[in-house]
Amino acid sequence: MELLSALSLGELALSFSRVPLFPVFDLSYFIVSILYLKYEPGAVELSRRHPIASWLCAMLHCFGSYILADLLLGEPLIDYFSNNSSILLASAVWYLIFFCPLDLFYKCVCFLPVKLIFVAMKEVVRVRKIAVGIHHAHHHYHHGWFVMIATGWVKGSGVALMSNFEQLLRGVWKPETNEILHMSFPTKASLYGAILFTLQQTRWLPVSKASLIFIFTLFMVSCKVFLTATHSHSSPFDALEGYICPVLFGSACGGDHHHDNHGGSHSGGGPGAQHSAMPAKSKEELSEGSRKKKAKKAD
Amino acid sequence: MELLSALSLGELALSFSRVPLFPVFDLSYFIVSILYLKYEPGAVELSRRHPIASWLCAMLHCFGSYILADLLLGEPLIDYFSNNSSILLASAVWYLIFFCPLDLFYKCVCFLPVKLIFVAMKEVVRVRKIAVGIHHAHHHYHHGWFVMIATGWVKGSGVALMSNFEQLLRGVWKPETNEILHMSFPTKASLYGAILFTLQQTRWLPVSKASLIFIFTLFMVSCKVFLTATHSHSSPFDALEGYICPVLFGSACGGDHHHDNHGGSHSGGGPGAQHSAMPAKSKEELSEGSRKKKAKKAD
Amino acid sequence: MELLSALSLGELALSFSRVPLFPVFDLSYFIVSILYLKYEPGAVELSRRHPIASWLCAMLHCFGSYILADLLLGEPLIDYFSNNSSILLASAVWYLIFFCPLDLFYKCVCFLPVKLIFVAMKEVVRVRKIAVGIHHAHHHYHHGWFVMIATGWVKGSGVALMSNFEQLLRGVWKPETNEILHMSFPTKASLYGAILFTLQQTRWLPVSKASLIFIFTLFMVSCKVFLTATHSHSSPFDALEGYICPVLFGSACGGDHHHDNHGGSHSGGGPGAQHSAMPAKSKEELSEGSRKKKAKKAD
């Protein structure tokens, strides 16, 4: 009996890993990514007065992972932009989210139940990207563990890892914080996922790729849907890290000390600048709650 | 009769498109590019105290377009620097513009009639670069529309698209503005030109490449000579954009609202930083009038 | 007799140039590089609260030269990270320097006589990297003089040339200064070394590569050991430049004028920002004396 259920689970995982992402899952990836762009302060005004800059930011939000991975592996940065259909689909989503009359499209996709579906489908794409990134890196560097982990990590995290430069495109510069200093849940999960998929790719993890994709997707979907639904900014890894970090590094990592981030974020801050440790709230969760109010005011 | 004149126009365009750029046209490109470097505040002092930094900035002004295009297409960034003669010619121009006794060379090339000739010849190089860039991108990505447009655009705009990082080399950092937020006329013209040449390359525009090069060069030369001669910072596209933008994006693009850009340009400006919307004056035109006075004072 | 001694010198140089760098010399390179990371203000706190950011900075300090050279030559930035043994060795050194109980490891390697040995061995690696970089560039561009010099320079200077972005990873941003504006002795020596090795590679310098490696290593080791031992921040090139610069560029280069670097390093500084000319003290020497005190306080 168990054999039968194991077999059917294996088949389920295999068929799940073969579901084509374009256009449905990619569409949800684009919608959620550009939605978080719209939550950024000043994003609506930017789209009105500098549409080309706004479009470029939207493209970075949708395809930043491919650009970073190509940079690491020495391939043309613009390679993915040869997929005209993906670019046109992402551009259409950008236009609808920012310029649809009465903000109808934005209000529809912001409706929580609808949004949770898109958030779940976005995670399916993220996990598949991590797996494909590691397979691609393994193809070039059979024994390059660090290369595989790094490629999987950037494919999963996407634009978050170059958030400083995406903000610079919008004329905003916040050098005191970046995604590596204050890692959000998706970026951390992409790093741990990249390690898992690398172990699987190099046969250290006795699991088939399809099964790992299936299990890790379930994990990511449940976490992200829960975090989005509850506007919570805790991370399921906090407990685990709470044990490991003090042992390995002598103190809690990325401590959630509330620093009064007074005054404008002056850059540079000169030698010995204290890292104005923004509460380690995930950019996406923070953008969820508080910024939605700002986005409403800015509309 | 008309057939004859059409034929001779076609031949004229064809022979015009075959005129070798090196050394004469390239020389004028280098002169005008490095002239605008000298107009930048602090450039003369930089050349005296940090000649290597000044030389590197001059090379970025001359060859920035090749560096950006190589980055996009995954080719060695330093590839163009294997043309020793071009590098030596550009270095000689840099040395003469900054260090020629009594500033003789600088004063000669600044003499308006002479300068207008150089400005015209620079546009010949710019248009040819756009055409070559799109041909090169088409060679790699036959159906990559966005790839061709992006490659043509960076080939035409050159260092302007990486002005933030060129300034960083000089120890100046102005994150609140960049060439994409406040597009100058040459950058806009390069974008529209790249779209035209892409349509031509993919047979959507029933025009020969030579003819398009010829016509677009005429357009660019006349606009730039007029703008330079009259120190005007309007752009021939303003009228056209004045119609299209409100329809497409609900408001005028890159509006020329005069914001009191009070205080030093504090970067970052924290969340929701208003984009201190510098009047959308082209860097080159602004550098033309007001900065020349500063350059004089700094000499 | 002289023939005999010349012959034995040649053999000595040849066998010296064939000494394998891994693991011994590479280990000392990693130790000295990560030591200077620890001297940076806030580095210890960073390692406790953001270990991944600290590890990434350490990897940039150890392998920055390979990353920059790959960027210039269009090869995968992450290529060198396929050397698992080097990465693991550098990671072990990072962990020991920042997390070894009672700071034992740090105190051992900081003990001056021990440190001077490591500093000397680091220069052996630096010179070898310059030679290998130029050989690699020559392989791609036989007559690319500027390509060879640039590749040799970045291989010798390493992370120093991207210090702005390495600091950004730590949440520190100082755009008013960079390694090109205020060149430290190692960066200058790498540039002059790259020119020498390029002359040798292109047969303009009638010296064998092994001999040039041997002589230039002797020069670098003696200079660096002396500068480190005496905490001095003068450079042996000052005298030479004191003659050449006024003749070539009309004034002393990188003048050591003491500007009161008052106030926090506000970035941007707006048009015409005076380059708050930090005294042209080598980052490594400054980090030597004054910052060691800060590092002590921060421990």
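General observations
Labels A, B and C are assigned to the chains in the order they are written; within every chain, residues are numbered from 1.
Here is the rule we go by: contacts are C-beta pairs under 8 Å (C-beta built on N, C-alpha and C of every residue); 3 or more make two chains touch, one makes a residue touch a chain.
Per UniProt, the chains are A, B, C = Trimeric intracellular cation channel type A.
Predicted model, so just to flag it, every value in this text is computed and none were measured.
If you lay the C-alpha trace of subunit A over that of subunit B, the rotation comes to 120 degrees, to the nearest 5.
Subunit A and subunit C touch with mostly distinct residues; of the residue numbers seen at this interface, under half occur in both copies. With centres set at the average Cα position, the gap from subunit A to subunit C is 35 Å.
Among the residues of subunit B, those touching two or more other chains are numbered 74-75, 173, 175-176, 266-267. Interface residues of subunit A facing subunit C in the complex, by the touch rule stated above, are 71-74, 140-141, 143-147, 150-151, 164, 173, 175-178, 180-181, 183, 191, 245, 248-255, 266-275, 277.
Against subunit B, in their complex, subunit A makes its touches with residues 41-42, 45-53, 56, 70, 74-79, 81-82, 84, 87, 99, 168-176, 263-267, 294.
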